[in-house]
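Presented below are the structures under discussion, each in the form of structure tokens.
Shared between the two complexes below is subunit A, which has subunit B as its partner in the first and subunit C in the second.
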Partner chain A sequence: MTAIARAWDNLTVTGKILVPLLFLVLVVAPVATVLIALFVGPWVVDVLASNLGIVRFVVAITGVLVFTIPTAFVIIYMEMKVIARMNLRIGPDRVGPYGSLMSVVHGLKFLSKEDFTPTGADVPVFTLAPVVVFLATVMTFLVVPFGPGLVAQDLNIGLLYLFAIGGMNVVGLLMAGWASFNKYSLLGGLRAAAQAVSYEIPLTLSVVGLVLLAGTLSVYQIGAAQAGWFTDWFVFRQPLGALIFLIAGTAEANRSPLDMTEADQEIVAGFATEYSGMRFAFFFFAEYVNVFVMSALIVTLFFGAWNAPFPFPDVAPALDPGSLGIGLVLLLAAAPVALTLLFAAPFYLARSSTPAWQALLLGFITFSVVAVGGLLGAAYLGLDWFAGLAWFMVKTFVFVFVFVWMRGTFPRVRIDQLMGFAWKWLLPASLLNLFVTAAAILVVEALNKAG
Partner chain B sequence: MTTTTPPQHPSADDPRILLDDQIGAFEAVPPYPPRTEREAEFYSLGDGEMFLNMGPQHPSTHGVLRVVLKIDGERVVDLDPVLGYLHRGVEKLCETSDFHHIISQLDPLEYISSLFMEWAPVMAFEQLLDVQVPRRAEYIRVLTGELNRVASHALFQGWMALDLGGLTPILYSFIERDEIVEMLAAITGQRMLFNYFRIGGVNGDLNHEFMSRLGDWMSRASVQNQANTDLLNDNEIFVRRMRGIGRLDRETALRMGTTGPNIRAAGVPFDIRRAHPYSVYPELEFDIPTRGHDGGGDSLDRYLLRIDEVKQSLRIIDQCLHNMPDGPVMAGLPRLLRPRPGRAWAAVEAPRGLFGTYVISDGTDQPFRMKIHDPSFVNLQLVGLLMKGNLIADTMAVMASLDPVMGGIDK
Partner chain C sequence: MTGIWYVVGFAVAGVSFVFLTIGLSWLITHRTRGDRHKGYPYESGIDTYGDTHARFGISFYIYALMFVAFDIEVIFIYLWALVFRDLALAGFVSMLVFVVILLVGLAYAWRKGVLTWK
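And then the complex of A and B:
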């Protein structure tokens, strides 16, 4: 019996499946890739190049889907930590540095839980509901511009698409509420429907004034129209619209204090009462992705999208790396070593008891921090999209924090107060906003013609 | 010979229910025919109505209370509280324990304010035994009792906010309560079920740790109380959810035997500490705050009244510390107590109202019968009157404002 055969016998069933797979991935896949690239590569490149729109769409969809999970993880961790601080607690601090891997453990927990379907449930609808909710939320990412040029699809009816797809969210909640065969779920689903019907209207009407000002429905164009100083942001021309959008957006994202659909003190967990495992995780992720989308929309529509609050002086990197030739290679090889030694020297000289290897390690860490900082700085100065992305993320997370803050401080409103507020205050206010904006535009145009 | 078999009704334990009628197993309707007219009326559904079975495991029913709601959409048409999930048979346990043991049996009734659960039976036994309690012991009882009242009301404030969906105030409340129970633990040895009062005094004198913790806390108690209060009282959402909800008028409150903060919030200044004075309360200065308007009080009044009461408790604690006499804390008593045959009734003003015990002694070392009057049980009768016609969300606000504790209700 050879050694390989003996090792094979020692493997468990799982091992017998995993080891060949590992072999496939490590050996066969690279070889196949090289072969494909050699023989059918030119043809594939031709096909892709002639269908650039489709390629862009597929890449964008993949990117968006991949992007949602870390976003949700970060926001969940942020919420746990921020609310803990507001409650004078510490929050998660066991898994990873400062508990930062808590969300990952949450995800693993959901994966390992029983996927339970209650007796009497409408199984197909029950299964489909989380998918609908998750997809409806994720698909809104498609028109959100993360930076100049960083938009998956610049639809010319972007805003319309946003509200249409965002509204589908509620269909999923209603499906979940109905199919769970649970009265709490049913109440939660019906609340979701009532709330969505009431708050979609002021939400949509509050941006019509903005659309009149920008003259376009494309989210990307609206973002681009706010370039320049921060006074050009639409929040200063549409303050009422921004406020209505924030409130209606809170209701639309089902966030406290307007989280009627899952008011745990009243209806246990609303539509999600009977969900467990990965199906619940879809709802869970959808909620936090929704928070991100709402914050991103507020930033894009009212707070200058990716634009910095002030026009940044256009400092192109003074040195063009390409012109250095062989010098660049030498620089890349020599700079790390030289800088590591340079940064290590003070650690070594300051305390004679520091061993040389420790000083070198500290020097290397310092060099890494400086190098990453330098690269990011260079990227910020040299790359438009990077600067835009940085500003967009910073602004968006400010609003994510606002959502978390509201959850930590406010009690929940009652369902009739919620509906009354939408119809008696938000709707007239948004109509007033629209009327005043339209009138102002007419007056300004008339003045321009006369003058 | 013909035998008539009694009609077979499926019992809740019958597995056939699950096999034959799976849907039926989920209904809130009890599996037996209605026993009373009220039950028959309640368990028949009108057009568009449905039952919602809230509890015994529900995020906001304060323990294991089960309430069957008959709802029409979001509106509560009728409701039926179902008790007994925490029944321990305390009254029966008391009949088989001797007088010293009874004190610890009664501790877990209202586990948030245990000292009052010890106070009433101890007073009743002292009447039977004709014991004179030392004055220092009486002052210590009042001091610790009022501290316990502050802890209980602080917790109420947090639960109230939590039941309305506010996550944060409950943790601030627990900080305040924790300081007090740690303080009490320094002299009683326990954080929750203190078992501190004894027949003829208290178990152990005040010690240094208690006094230093108390001084620490007193120096910032009113400020902290004010801060916690401002967090909620200035909140528009909170006030709007409470104002006008669960309105209890004077006549109903008196008719239903309501006591404690709930009746004082309806405008009736009834407080056992003044109405039937006991211990050293006649020597102390404090007001009996009342709230309410137009001859009744709503949930917000009941909430605000408890905050007023905390301020009065702080006054009493302050006076106790200034007037604390020297002397023993226990009267000399034999270890085996055999009181004279007879009856005694003693009541104290617990944080939730009148807590009383009625003891019948037959001359042995165990009581012949012991009746416990619990304020939460009496106050809970109001839920049916106060919640009808409200929304489901208001059910939580009303129930939290009545502040029931299930340990005392189910006994």
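And then the complex of A and C:
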């Protein structure tokens, strides 16, 4: 908690007024929402129901923006903890249980740092650079399918859109490098540009095999084409493509071991050398969200998207809750009480010294765990999108772990090796993959026609 | 047409999110004037030396040129892949010829030592 206290001390008087206000808004807003829902609810529902398109638009955008924040926090914490373990350290352990609030404190610290522009910086470009980098990351979420139906907008040119918007990232890095008026920044920006132009081509070529197989550019459709057993995942038909995508994706996301743009032993912090405070935070916010996006794309394109590794059990709801009528209300009211008593009984009977209130508390905790587990299980079985989302997040975080693992394991490559590898190995390999896939499709179609 | 509105909406929301957060940070933080050294570019502790926007190696430029050639090829390949099943063998052969011509260019650049970072 001392870190929070220190961040608090660092705030100006304005800050000490504004931050409590912020928390007030966060607490008051939900209460106000409930009150408004009670009094003007019916009217609002009418208006919303007649504007469903707009509601979906607003919900999708807010959802994505809100989703990025905890995701970045979790990935940053995960990276600190996992790499610490790999280095035989403990990692953050002061703030929150097992240091889990460390990234929140980092965020607060960045928020309370001076917003500083160095002398000689090109101010408009310097200000816009983090915006461009962040935008390039957030806009890719538009076509990332989180589950069946859970996609902001299923663009029919999804893949092209992804690479076009993803390529904007490097424009931001180059802007930052140029505008900082610092030799290290400029070198970092130029390295980012050279690296991006080299790895963009294998990255885009590695998924052409999928377009050939699925016959569509829509990311959602490519994900949907992999339903069934895990052997239907495209990684088993495009292993080379998946490998190239993983390597080139690491380079595109500027992740170690291909993070020449911010190689701290050589060029301090690269493009970010002159940045501090919230602007710096946005570069790294974007980087960690980018790690998530890259993992999500690998999962979507090659590892079956939201599909489970086995055919989905088709469970029809055994009981329609609506048919119970008033009984449902009674059940919802009675079940917690009855189950709490039921779970409390063994605790009370096992040791006669246990006071009744303690047994009841333990019973209630057990009930909560069982109820949450039961609800999640029911949602998994009953709701397609929930099961899809669960599988998607699990698989994505496996790949987030792989990215962290690579950072903890591999030494950084040299820039000449990095560039040479892209042009001399990845580019021919991705073209080979493309033509082998095309030839295989021709052969299979000819065999189908003959047989 | 809804797609383009989503793209625009994401762009507007992203930009406002960044500016609102930076604005909030600007409102609540300290600002000190400091001496002239505060604004200097970071160069390992010494005052800046020479021209910052100095000249850089030509290799960056040649990589960018090659990127343009291959990226246009990629756009073409995407559209080809989309209709590949209709084109069948004729499409396969013509794309093979197209890519081989580009690969000759790559081989030439390779022989000339362009791909070796100097």
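The definition used in the following text is that the second predicted complex is superposed on the first by the 396 of 451 C-alpha atoms of A that agree within 3 Å, B and C clash if a C-alpha of one lies under 4 Å from a C-alpha of the other, contacts with A are read in each partner's own complex, and residues count from 1 in each chain.
Convention: a residue touches a chain if its C-beta (ideal position, glycine included) is under 8 Å from a C-beta of that chain, and two chains touch if they have at least 3 such contacts.
Treat the numbers as computed from the prediction; the structure is a model and nothing was measured.
Novice: Contact-wise, after the overlay, does A:86 reach subunit B, subunit C, both or neither (first, second, both, neither)?
Specialist: first
Novice: For A:183, select first, second, both or neither according to whether it touches subunit B, subunit C, the two together, or no partner.
Specialist: In the superposed model, A:183 contacts both subunit B and subunit C.
Novice: Tell me which partner A:413 touches in the superposition: subunit B (first), subunit C (second), both or neither.
Specialist: first
Novice: Identify which of subunit B and subunit C touches the larger number of residues of subunit A.
Specialist: C
Novice: Once the structures are superposed on A, label A:130 by its partner contacts, choosing first (subunit B), second (subunit C), both or neither.
Specialist: Touch partner of A:130: subunit C, not subunit B.
Novice: Applying the touch criterion given at the start, work out whether A:65 contacts subunit B, subunit C, both or neither, answering first, second, both or neither.
Specialist: In the superposed model, A:65 contacts subunit C only, not subunit B.
Novice: Would you sort A:268 into first (subunit B), second (subunit C), both or neither based on which partner it touches?
Specialist: both
Novice: So, A:119: does it touch subunit B (first), subunit C (second), both, or neither?
Specialist: both
Novice: After the superposition on A, what does A:111 contact: first (subunit B), second (subunit C), both or neither?
Specialist: So A:111 only meets subunit C here.
Novice: Scan A:208 for contacts with subunit B and subunit C and give back first, second, both or neither.
Specialist: second
Novice: In the superposed view, which residues of subunit A touch subunit B and also subunit C?
Specialist: In subunit A, residues 119-120, 181, 183-184, 187, 268, 415-416 are touched by subunit B and also by subunit C.
Novice: Going by the contact rule at the top, pick out the subunit A residues touching subunit C in the complex.
Specialist: 10-12, 14-15, 18-19, 53, 57, 60-62, 64-65, 110-115, 118-120, 130-131, 134-135, 138-139, 141-142, 152-153, 155-156, 159-161, 178, 180-187, 190, 193-194, 197-198, 200-201, 204-205, 208, 211-212, 215-217, 268, 273-274, 277-279, 282, 415-416, 419-420, 423-424, 427-428, 431, 434-435, 438-439, 441-442, 445
Novice: In the complex, go through subunit C and note every residue touching subunit A.
Specialist: 2-3, 5-7, 9-11, 13-15, 17-19, 21-22, 24-32, 36, 39-44, 52-54, 56, 59-60, 63-64, 66-67, 70-71, 74-75, 77-78, 81-82, 84-85, 88-89, 92, 95-96, 99, 103, 106, 110, 115-117
Novice: Would you pull the subunit B residues touching subunit A in the complex into a rising list?
Specialist: Residues in contact with subunit A: 22-23, 26, 50-53, 58-60, 74, 161-168, 171-172, 175, 235, 237-238, 240-241, 391-396.
Novice: Would you mind writing out the residues of subunit A in touch with subunit B in their complex?
Specialist: 83, 86-89, 119-120, 181, 183-184, 187, 256-257, 259, 263-268, 407-417
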